[in-house]
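Structures given as structure tokens follow.
The following pair of complexes shares a single chain, chain A, combined with chain B in the former and chain C in the latter.
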Partner chain A sequence: MKKLLEISLGVVTSVGGFLEVGSMATAAQAGAAFRFQLIWAVVLGTICIIFLVEMAGRFAAVSHHTIADGIRERFGFNAFLWPLLAALLVNFLVMAAEIGGVAIALELATGIGFQWWALPVAVLAWLFLWKGTFGFIEKGVAILGLVTLCFVVGAVMLKPDWGQVAAGAVPTLPDHDAASYWFMAVSILGASISPYLFMFYSSGAIEDEWDKSYLGANRAIAGLGMSFGGTIAIGVLIVAALVLAAHGIEQVDDYHQLPLMLIPIFGFWGFVLFVASLGIACFGAALEIGLQQAYLVAQGFGWTWGEDLKPRDDPGFSTVYTISLFLAAIPIALGLDPLKLTIFSMALTAASLPLTVVPFLFLLNDERYVGEHRNGMIANAAVIFIIALGFVLAIVTIPLQIFGGT
Partner chain B sequence: MELLRDILDKQVVDREQVKIGKVDGLVAELRPGKPPKIVAVELGSITLARRLGERPGRWMALLAAKLGGKRHAEPHRIAWNKVRDIGVDIEFDINVRETAIFDWQDWLRDHVIGRIPGAG
Partner chain C sequence: MAATLQAPIVNAVTAVGLRPDRLCLLLIMFVLTACSPSDQVEQQSKTAASATQTASLVLESWIAGGAPSEYTSRTLQSVGKALADAGAQIQSVKSPEPSGQAGLTMAVGRLSAAVIRAATAVQNGNRSEVEHAQQDLRAAAADLGTSYAKYFAPKS
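Coming up: the complex of A and B.
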């Protein structure tokens, strides 16, 4: 019973981690521009992240190392520096985008320009990390994040042609704007396969003191949680395809177009739901990424870390999340367009994947860490596929950014 | 035991299980005709910078001496005979409070973090 409760909590938590500004914005853009045609990218991204999250949790539960610990120990400091720097940079951009997402939600709610909200949002997020415990943040993000289910409800109420939806799960070539189509596919993959998600998950497994008895729960949480998140992203895509396109919006290049999505379905409450979903999902993600920055640095250098400790007892750790949050608020406070930043950082996330995923191939096959719980054939094939995908994405991202970006 | 593989870059804890850093470097004694013997592990930014190259190492040593005084001009060392247990972490029979390793975190706590309300 306790395990069941833990699994359901874990599932809900992973939804909170999965659904953030990136997956919402990219899914909305893709739906408006290409109807259901890019659903396959969400499905593919979701399958990839399921494998990586499961492995990150298994690695932590069996070896009692986080992924960052593992990379440093297995490959040495000099090799560790590359994924460390890449992850810090990508996380910084994604966190700025999340703060931008919350700021946009507040602008929609109050009419006060988003740039004025960047610092207050950073201060509030910082307060949560400063005073909160890991369990509080995990559960809070999880439960409030359920509001994003309104997109799934909305998608069902719109009665889409489910045959066409299913057809979208199979990759097809676009009949217009090919560069933009592929750029969106890359951004969706970047939004789904986020390194911060699986690295955070492995730190969470250590914070929650997982051991081998959690391997089953880990598999269930990874599989169900990420599928749940992917389903909501597909819900966003379907709603965008049916509502935005019907209103003549084929190119989402401004966040102000988005609240329209839920209004034809829920009326005024659709506006409220949209603002709440955007604000909460992005705020939760900002908290998790802030923590992840601190985990990454503290674990990489062996400092004392843990969200349950008082800041006095892990001064290095709390300094890192404090600085990260305020740095990430700066671009938004200066008025950088949150949507552009979001799409750019999702594409960059995709390009950074090889650096963070290649180590999985070694760590999850090393008996000294995972013993008999090594990767099987299928899991290894999945990692190799994701690495190959990551290399392709790394090469095509920049040209596509130039020709297909908005 | 393969030293580089099994010791280097592992987590170091003191006897109270406080995480004090990683094994950033190893100090070994070369013995003619016999395999080298570890005498100490090194921790800290100077050792890490030395792993990146000679020049970063020199710069980091200068910087550390400037910021932390003489006590920080050389890397922190823990004698190998203090090792108590090698598992997920390497435990040394020392108390980190009696070393200079946490000086910067103490400074941070006393001058910055501890002054913010609610730091605990």
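Coming up: the complex of A and C.
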């Protein structure tokens, strides 16, 4: 019974972690521009993150190491420095985007410009991390994040042609705006396969003192939780296709357009649900990324770490999340468009994946860490294929997008 | 590390008879020529059409009581700005079809003006003025469609 409760909570937590400003914005853009044609990118990203999260939990439960810990120990500090810097940079951009997401939600709710909310959001997130415990942050915010299920309800209420939805799960070539299509595919992959998600998961497994008895629960949480999160992202894409594209809105390049996905379905409550979904999901993600930045640096340098410790007992750890949060608030406070930052940071995430994932795969195939629980061929092949695809597409499409391709 | 990675690429490029500096030049030329005047006009016209539909949907939602006034007004202001930008971009293109280009610029300008008027009317809570602006928006959107079809019509 206790395990079942833990699995349920784990699934809910995974949902909270999966859906954030990146997956919402990229799915909305994809649905508006290409209707159901990019569902395959969400499916592919979800399959990849299921494998990675399962591996992260298995690695932590069996070896009692976090990923950062393992990479530093296995490859040495110099080799660890590159994945560390890549992850810190990408996390910084994604955290700024999440703070931007909360700020947009607050602008929509109050009418006060988003840039004025960036610092108050950073202060509130810092207070949660300073005063809260890991369980409170992990489960409390994630349970509130279930409000994002409104996108799935909305998608069902719109009665889509499920045959066409299923057809979208099979990759097809675009018949217009090819560069934009592939760039969106990359952004969706980047939004789904966020390194912070599986790295945070491994740190969480250590915080929750997982051992080998959790391997079954880990598989269930990774599989069910990420599939559940992927379903919500597909819900966003379907709603965008059936509301925005159906009204002739084929370009989503302004965050004001986003609430229009739910208003025609739920009326005024659609506006409220959108604001709540965006605010809660992004705030939860900002907290998790703030913690992840601190985990990365503290584990990398061998400092004492743990969200359940008092800040005075792990001063380095708490200093890192404090600085990270305030630095990430600056671009938004200066008026950088959160939607543009989100899309760019998601594509950059896809480009940076090999740096964080490849050393991790080595660890998962190293008997000294995982013994008989090392990776099978299918898990290795699936992750390598999807990461390589995301990387190649990102390298090709990011310059085209920046230099004005269509 | 970087040098060891670069070497095979440089060798491969040289092997097909292209020096790296020329390859860079070719890539830059490709990027610069990728957007012809016609592509730019088409892209900006699509942006204008999508922005117009956004204004139309948010106005419908406001009239139906689904969208709050503050949000509607801000969305319309943002759409108005996007339309003004699209109009300026279309105008700045060196097009071989100046008369068609002028028609498109004028239609986008009318759209932008209608959207800004709607934003002010929403702010003032003036429903009848909003409905007038909505009609102007529909008329200007039809103009944009006609100008777009004329601009891209096959020339004999």
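Structural remarks
Definition applied: the second predicted complex is superposed on the first by the 394 of 406 C-alpha atoms of A that agree within 3 Å, B and C clash if a C-alpha of one lies under 4 Å from a C-alpha of the other, contacts with A are read in each partner's own complex, and residues count from 1 in each chain.
Here is the rule we use: a residue touches a chain if its C-beta (ideal position, glycine included) is under 8 Å from a C-beta of that chain, and two chains touch if they have at least 3 such contacts.
Every value quoted in this text rests on a predicted model; they were computed, and no experiment measured them.
Legend: residue contacts after superposition of the two complexes on their common chain; A:F77 is shown touching chain B, with no touch to chain C.
After overlaying the two complexes on the shared chain, residue contacts for A:T231 are found with neither chain B nor chain C. Judged by the touch definition given at the top, the superposed model places A:D313 against chain B, while chain C stays out of reach.
Once the two complexes are laid over each other on the shared chain, residue contacts for A:W305 go to chain B alone; chain C is not touched. In the superposition on chain A, A:H65 makes contact with chain B only, while chain C stays out of contact range. Against chain A, in their complex, chain B makes its touches with residues 8-12, 18-22, 24, 43, 48, 51-52, 88, 104-106, 108-109, 112-114, 116, 118-120.
By the touch rule above, chain C contacts chain A in their complex via residues 31, 34-35, 39, 43, 46-47, 49-54, 56-58, 61, 64-68, 70-71, 74-75, 78-79, 82. Chain A meets chain C in the complex at residues 107-108, 111, 247-251, 253-254, 256-257, 259-260, 263-264, 267-268, 270-271, 399-400, 403-406.
Listing the residues of chain A that touch chain B in their complex gives 63-65, 69, 72-73, 76-78, 80-81, 130-131, 301-305, 310-313, 315-316, 318-319.
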